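Structure first, commentary second.
All chains are identified by letter, namely A, B and C, in their written order; residue positions are counted from 1 within each chain.
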Amino acid sequence: MNKTVNQKAWFFVLPVLILVAFNAIVPLMTVVNYSVQETFGDNVFFWAGLRWFEEILRSPRFHDALGRQLFFTGTILAIEVPLGVIIALAMPRKGPWVSVCLVLMAMPLLIPWNVVGAMWNIFGLPELGLLGKTLNTIGFDYNYTRQPGDAWFTLILMDVWHWTSLVVLLAYAGLVSIPDAYYQAARIDGASSWAIFRYIQLPKMKRVLTIAVLLRFMDSFNIYTEPSVLTGGGPGNSTTLLSIDLVKIALGQFDLGPAAAMSLIYFLVILLFSWIFYTVMTRGEEQ
Amino acid sequence: MARITLKNLKHAYMRNPQRDEDWALKELNLDWDDGGAYALLGPSGCGKTTLLNLISGLLTPSHGSILFDDQDVTRLPPEQRKIAQVFQFPVVYDTMTVYDNLAFPLRNRGVAELTVDKRVREVAEMNDLTATLGNRASGLTADGKQKISLGRGLVRTDVNAILFDEPLTVIDPHLKFQLRSKLKELHTRVPNTMIYVTHDQTEAITFADKVVVMNVGEVVQVGTPKELFEEPHHTFVGHFIGSPGMNVLSCDLKDGHAYIDGNRIATANRAGAGAGKSEIGVRPEFVKFAGHGLEARVVKVSDAGRFSVVEADSAGGLIRLLVEEGGAIPSEAARLEFDPAATRIYTDGWLAGRAGQP
Amino acid sequence: MARTKWLIPAIYIIFLMLPIYWLVSMSFKTTNEILGSFTLWPQNFTLENYRTIFTDPAWYNGYINSIIYVSINTVLSVAVALPAAYAFSRYRFLGDKHLFFWLLTNRMAPAAVFALPFFQLYSAIGIFDTHLAVALAHTLFNIPLAVWILEGFMSGVPKQLDETAYVDGYSFPAFFVKIFMPTIAAGIGVAAFFCFMFSWVELLLAKTLTAVAAKPIAATMTKTASSSGYELGLLAAAGTLTIIPGAIVIYFVRNYIAKGFALGRV
């Protein structure tokens, strides 16, 4: 659509601008302010320069949390995106089952995040939970509160449970927008189902999949509530992701300076990765 | 290449068709000669696309059978029927180059890469695509894309027939003519059976040797463009083909002869016995002003270039006639004469007295 | 292959339903049954847990609080996003693209980063522990999302609609409310759905910004889980109740969900 140049349009944007600026800029400035100061309580602050940044960037604790975060995000992306696409491909395109599938699949998306955590907490209990009891009955020594491996397994299974539907819904929306003529032409050209997927469905899903990967990346990097309810970062520090660590430092220990510096680094990491994803995934379209 | 035979073919989209209207395609028997250029002509929703999809195998008929030469292919899937089809909206594989698009149907069938290359280059040459072979297909204009769709049909050597489903719908008007001539030219070079679906009479007549006219799910007439013009078997054909279409006037019958308001009208055929709504059909080209004949009153004259279209009110209804440039047009009251050889009686829409008519 | 294809979504849905089933089934069990023996379905069916929730103000106020701030947030986000999305879809103006991108970056902001500054900011202006505080905080990520979704829908409406209305003598506000908004009703529905959803499921900010008066139901649950030990049945019942509003909302917007996602434009 060709848009007209109209500077008065700023008035339409003004309410949004004021609200978001109030919510984003003031707190962000607060964070920046803290990140370069040191406090010993009683509202006495000293200039600390970039010391907190250096400290955070050098601290093994931050490196470990970042490493765990990248592992978590990488794993869930590698599972949820292909799985979501497979499920979307297998879903019916029309008929009464479409609504049934969509409603049931969207359910996990609308459950409060701490309820998701609590639900899996109960579901996985070794003696009382369906999952924990079943695994132990068939011979696995499963206990997510004691064994880091089991904690990770439960954490990832929970995220797959919680968010794969988002990828399914997006991929499905991409699939139903493909006109019938494409499938008919492919049948006449003798294309195999793999060729149909590779040359028709995948290219048409590319845009929605870009959105899916970006949203899943951002949200999984920001994840806090579910793991904190499920494992609280434990056992030990084994499932302490970036957000959990940050909240421990900021609200738990009230180390405002390091927490603020970490927040900024954290935010920048997300922006950087989102930008890289976005650039890589949309590069093909420019040609 | 093959002759295509349709036997007692019927199709309905619903499971239990009860009434006549439930059938998207009413019972039909038709032979398509090998190597012929056919057009399927009719208004939107008359069942032409249904018929096309039955032939290509995208649909399986509810009733009847389809034969290629003498082999029954009714239950075969499209990929085994050796059919190519070009759709209304161009279908190209966006991520592939033009070359890969053209090679796609051959590679899917495991053709040796050397043969693929030879065929692709030949077809690209025919379709003026040689210069763009290395480009991404998604960047092309609508007509370029449609040429690729067409090319994917032509590239295969095993094709029995090429089907076109209103292929020029999204093409710019000035390119339509070009692409249509291209198709015609291709047909002379590649002696495949071609079936071309359209609702545009000009496209049908310029492309096809034989036109199949359809209306509400049934075939009304099959014939050369000349036959359709000169001897329409149904008032629908007379109306749909020709511009302006055939005049259809209500009349009375007596002893097999037609009368309008008591005037006997000389006709080429005679109505048989039996009741039904009687009409007279005569094309505007065969009506002229005369000193005698049917009384009429001129109501409108419009200039159409080399001749004028005159509309006149008569007891049988509105009559259109063509008057050449410079010809005299009476200002109001006039008498009209019909050419008896081109004036026919229709009963319930169908040409009266024709053998084998329902 | 084609005949067994339905198995994939079917198995996936069963996988989705299992934890939910476990939660719901546990909410109908007595504490003795939960702790005493492992049973696949309630042997001594009880509504006791639900009775506790509906009679104890600490519990049901949590619900009311959640619903109040979620509603305020949804109305506020959609109301301010509507004109902004209109501006982005119809006009070009100085800095429009940068502004749009900046809005979207707020969608990426981790709630954990903002929790403490929000707490201080809202305490400073005296709205700590009010519904408004949570509703305002959630606009940070809901407004960008609402603008994004609405802009997608509005770009799908031809500009001729606006022009025709002006020719017919409509003023801008009259046109916007009487003609434009009904045209993009589906988009408004989808945007409201997503605002509802993200505000309903978020807890970190909601918990940080409330103490007593506006405490969300989900936070009450966390407290129960940790303080009163093993009241699993009660916890399960409260959890089950938080699923219901979401399920109702999904049912009403089921036909728009897929479409709403498809229209998101990066």
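Criterion: a contact is a pair of C-beta atoms (placed from the backbone, for glycine too) under 8 Å apart; a residue touches a chain by one contact, two chains touch by 3 or more.
Only a predicted model underlies this, so the values are computations on that prediction, with no experimental measurement involved.
S.K.: If every chain is a node and every touching pair an edge, decide which shape results: line, ring, star, complete or other.
M.R.: Per interface graph, the chains form a line.
S.K.: Measuring between Cα centroids, which chain is at the maximum distance from chain A?
M.R.: Most remote chain from chain A, centroid-wise, comes out as B.
S.K.: Need the CA-centroid distance for the pair chain B / chain C, whole Å please.
M.R.: The mean C-alpha positions of chain B and chain C differ by 56 Å.
S.K.: Just curious, how far off is chain C from chain A if you go by their C-alpha centres, in Å?
M.R.: 16
S.K.: Counting only residues that touch at least two other chains, what does the list for chain C look like?
M.R.: Where chain C is concerned, no single residue meets two or more other chains.
S.K.: By residue number and range, which residues of chain B touch two or more other chains?
M.R.: none
S.K.: For chain C, which residues count as touching chain A in their complex?
M.R.: Counting only chain C, the residues touching chain A are 1, 5-9, 12-13, 15-20, 22-23, 26, 34-35, 38, 40, 76, 80-81, 83-84, 86-94, 96, 99, 103, 105-118, 120-121, 136-137, 139-140, 143-144, 147, 155, 158-159, 197, 200-204, 208, 217-219, 221-222, 225, 232, 235-236, 239, 242-243, 245-247, 249-251, 254-255, 257-259, 261-262, 264, 266.
S.K.: Help me check something: in the complex, which residues belonging to chain A touch chain C?
M.R.: Checking each residue of chain A against chain C gives 1, 3-10, 12-13, 15-17, 19-20, 23-24, 26-28, 30-31, 86-87, 90-92, 97, 99, 101-115, 118-120, 122-123, 127-131, 133, 161, 164-165, 168-170, 172-174, 176-177, 193, 207-208, 210-211, 214, 218, 221-222, 224-225, 229, 242-243, 246-247, 250-251, 256, 259, 263-264, 266-267, 270-271, 274, 278, 282.
S.K.: Note which residues of chain A are touching chain B in the complex, please.
M.R.: The contact residues of chain A facing chain B are 179, 181-182, 184-185, 187-192, 195, 199-200, 203, 287.
S.K.: What residues on chain B touch chain A, complex-wise?
M.R.: Touching chain A from chain B are residues 53, 56, 58, 77-79, 83-85, 87-89, 91, 93-96, 104-105, 108-109, 136, 149, 152.
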